[in-house]
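Shared chain: chain A. Partners: chain B in the first complex, chain C in the second.
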Partner chain A sequence: MPNVLISATSMIKIDRYYEYDLMDLATQAVVKLLEKTNENIKPDVVIFSNTYAEKTVSQVSLASKLCNNLGISAMPIRIENGDASGGAAVSTAYYLLKSGEIKSALIVGAEKMGDFPASYLNEIVSENLNEKYQEKVGLTTQSFSAIQMKEYMKKYGVTYDYFAQWPVYMHKYGSENPYAYLKFPVDLKTVKESQLVSDPLRIFDTAARADGASAILMTNEELGKKISENYVKVKAVGFSTSEFRIGEIPSVHGALKTLGDVKADLMEIHDSFSINAALILEEMGYPRGKSLDNLNEIPVNPSGGLKSRGYPGGATGIYQVSEITQQLLGVFPGHRISGNKGLVISTDELGTSAYTILLER
Partner chain B sequence: MNVFPPQVWREKETLYRLIGGKCNCGNVIFPYSPVCNKCGSTSVSKIKLSGKGILLQYTVTYQHRPGFEKTQPTYVGLIKLQEGPEIIAPLTDVDEGELKEGDKVEAVIRRIKSDSNNGLIVYGTKFRLIKDGDK
Partner chain C sequence: MPNVLISATSMIKIDRYYEYDLMDLATQAVVKLLEKTNENIKPDVVIFSNTYAEKTVSQVSLASKLCNNLGISAMPIRIENGDASGGAAVSTAYYLLKSGEIKSALIVGAEKMGDFPASYLNEIVSENLNEKYQEKVGLTTQSFSAIQMKEYMKKYGVTYDYFAQWPVYMHKYGSENPYAYLKFPVDLKTVKESQLVSDPLRIFDTAARADGASAILMTNEELGKKISENYVKVKAVGFSTSEFRIGEIPSVHGALKTLGDVKADLMEIHDSFSINAALILEEMGYPRGKSLDNLNEIPVNPSGGLKSRGYPGGATGIYQVSEITQQLLGVFPGHRISGNKGLVISTDELGTSAYTILLER
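Up next, the complex of A and B:
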């Protein structure tokens, strides 16, 4: 089976773009991507990774519209799997390329979350809850996360300060990332005194919801080497699903297991909440109840993660893959971690599905 | 926020009557599903849950969704229902500072939200504390 490469990546700064619509942002990411390739690319497949377009911009047929805007004819696919859409899109492209039936796939993640006040964003993100009961009775995902935190605090005897370490680290890294939405450092005191969202969850524990677009070009090895010398290999992908569960994220455990025994030099994980970061790290084998105490020793989220780099819904996983690719190539313009193997863990808001993507220089 | 009656009406067994499913394997599911989420069996029969349970954990939420302004702040609990399932559900009739882990709770029908245009009201099940002196 052919080897699969990531031949080019691009990102725009995550921000609130009042002057641009969803397709504008997606197109900007593609234009930046094309500037990095030697050849005129005619992808066989175009995948649009997006979670909330029906509600945020009243749009469907995203991939077809993008193809038409770019003047290309390809197999258009829109992938929505909650905030794990990015992981789903890259995994799908991986298998299409492995089949040998296609030579290239352009994947564009784009999301528009910056136009709305917090209450409407809560409404949008509550689409992740179940239809029969949770969404109907007005719940928000923040309540689930707060309860998850309190159970963790009880089980391991930690206080809120334990969780506050995560946003401090994320903002430290994100303050060096030119693509980050909240590009500033914060101290422990600022985090601890920030707005209470759902006791004990504070605003700095949540994801910074904004607009973003990132594009990647995936190809087989033969074509990829013509396009650019700066590529990384997609070594493997894994995936799993599970229900929301207190004290663990079984989908992440399952997605890691399908990858086999992997030692990555660096990783980007989906820290929708600080507690999710702790639980994901613990599914990877970092000590339970202590994973956030040794963040200086864990090569995780040099981008600043969802806290600081920001959270553009279904584009998030595409950012993660772009970031790890640029890290492995030594060209990421922010905080650098060196290494040959990088891991992306792309999950949805509450971790009901997870994708793992292993990249290698 | 708009309320579309069929979307609420079709969930009446879940929202008003707390109908769950019981599998041959013993697993109890809420909301009802014809397939067991534990063993995959389709031998799941409908049961009416008692609505009684234990409050395992709770939070008070200060952010809301449009249409839910009147119930701010919102108390939300992790509840272990008598029949087994653990669910996350809104709590009602809560006085500040009175919730404790291990408290007994029961289901009640409450107003959820109303349509801002035509006044249609959505009702559904929330949970309240069973206080000393209550039966």
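Up next, the complex of A and C:
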């Protein structure tokens, strides 16, 4: 079975790009990636990781269009799994390459969210919720998370201050990341006094939505080593689905279990809300009700996370994989964490599905 | 490398289901499929093939939601490649199974188009067009096809009557298919006098949009033979992308070439418009400018095609694979064509990408 490598990565700064459309952003990420490769790559597969294009840019057939934009013929697929689209795309590419029949896969995550008011984005992000019993009765992902927070506070006897620690750490890291959207530090007071969204959830507990594009090139070992000396191995992927549950994210637990006994040196997790960061860390074994009190000891989200680096919808997982790859290679331009094993946990907005990706130098 | 089988298939009648939502239809197709298997299947992967859900039912995370609806944990991915989503989904599953690490994949194609007026559907189907230079300047897939028809008529010296032969054949076959949406025959006169959509394109030259769901179970050989004695082999898949071109569909040619020298006994092709049927047949080697004059000799679309069986968006390719499988097994309940090798050609609305799937008894 062929080993699978990540041979090149690229990111553009997450921001609001009124002057570029979705395909422009995707193409920019690919051009940046190709500059880093030794050979002229014609990928066998082009995967477009995106969640909201129909509602934001009124476009389908995203992967075919990208192929035609790039002037290449390939196997085109667009993969959508809510906010976990990136994890789904990388895991799919992993197995495609394991077949031995596919030698290279270009995976581009791109999303265009910055052109729209928050009310519209709240609506489209709430499409992650179940139609009949959640979305159509008026729930949003924010109100769901507020319920999660209240239950957590009651169960573990913590106050809102507990959650406010997460955005402080994320903005500290994000302020060092040249690709981050909200590139500034915040203090506890600012977080605690920020706009209330759905009591007790505040604006700083939510992901910063914006435009972004990131690309990675996954190859078999032989081809990958020709393309670049700077590669990491994709050691394993895991996945799981589960119903939404109060106080737990069982899908994360399930997806981790398939990796075996993992000891990663650093990780990127999907902090769509501060509460989700706590719940994901606690599914990993950090002490329940206390994980956010010990962030100085946990090597998590040196990018600044969705809070500060920003949240470009279905491109998020591709950013996470790019970031961990660059960390392991020692070339990430922001806050550095050294190590040989990195983990990406890509979940959807409420954790009804999870993908885990283990990378090794 | 493991052999890949299709171990079970199911379809629901294509129709307007005002009483069921997208997940209801998808779930019905899965329940019907599970009734045909010997064992209680827990698929490793669940692929949801769909193109327009964001615009029709305001939902994302389709595959995760289906997993949770079915009460299973699996690797969830939703695959979108315009109208070729089904071909993309089956090809992806083929390579996933070739990896040896994935043993079974449940692929569900489902789409909900019947609740909407034609004007809205025209708009969302036109999202298949390129944003900047096609869709946003007001082109629709219908006007594009009308241009194709005019060029074809000029080049080969044929009249509109030439194209009208296609719907007549499709409705003849469709009237025998219990799963078909427009289950009635039509004569040449009716087609020729039908509503003009975009001169010279008439309503009978266009696909009949409706709701549908079809499911297939793909497995490795060992597992597949336990599940059912009624299986077909997936011999090969091919794919290609190309720019839209007048008078040609280069992607079909490219996708066929990767299969080698194929002699199929029967096939299902994506006749989004009568002109597309002609162009696809001609990319396969049938005489240019004459293919539709010889439909009695071409074993194509015994289902009735998109014209008569109906066009459930991104579920179409899964119907095609189900139909060819049932034909090869001799159990298709409509017009029968006997043979051992069957071919599915799954293209997007205008043929900018194509997937070919070769099945063998």
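Basically, the second predicted complex is superposed on the first by the 361 of 361 C-alpha atoms of A that agree within 3 Å, B and C clash if a C-alpha of one lies under 4 Å from a C-alpha of the other, contacts with A are read in each partner's own complex, and residues count from 1 in each chain.
In the analysis below, a residue touches a chain if its C-beta (ideal position, glycine included) is under 8 Å from a C-beta of that chain, and two chains touch if they have at least 3 such contacts.
What you see is a predicted model, and the numbers here were worked out from it, not measured in a lab.
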{"item": "Which superposed partner A:59 touches (first chain B, second chain C, both, neither)", "value": "second"}
{"item": "Partner chain(s) touched by A:246 [first = chain B, second = chain C, both, neither]", "value": "first"}
{"item": "Contacts of A:205 with chain B and chain C, given as first, second, both or neither", "value": "neither"}
{"item": "Which of chain B and chain C A:282 touches, first, second, both or neither", "value": "neither"}
{"item": "Which of chain B and chain C A:176 touches, first, second, both or neither", "value": "neither"}
{"item": "Partner chain(s) touched by A:323 [first = chain B, second = chain C, both, neither]", "value": "neither"}
{"item": "Greater chain A contact set [chain C / chain B]", "value": "C"}
{"item": "Partner chain in contact with A:268 - chain B first, chain C second, else both or neither", "value": "neither"}
{"item": "First (chain B), second (chain C), both or neither touched by A:130", "value": "both"}
{"item": "Touched partner set for A:73, first chain B, second chain C, both or neither", "value": "second"}
{"item": "Contacts on chain A seen with chain B and repeated with chain C across the two complexes", "value": "130-132, 243"}
{"item": "Of chain C, residues touching chain A in the complex", "value": "1, 21-23, 51-55, 57-65, 67-68, 72-82, 84, 88, 91-92, 95-96, 98-102, 124, 127-128, 130-132, 135, 239-243, 251, 254, 348, 352-353"}
{"item": "Contact footprint of chain B on chain A as seen in their complex", "value": "118-120, 122-123, 126, 130-134, 136-140, 142-144, 146-147, 150-151, 154, 195-201, 243, 246"}
{"item": "Chain B residues within the chain A interface of the complex", "value": "1, 8, 11, 14-15, 30-31, 37, 56-68, 71, 74, 76-78, 86-90, 112-113, 122, 124-126"}
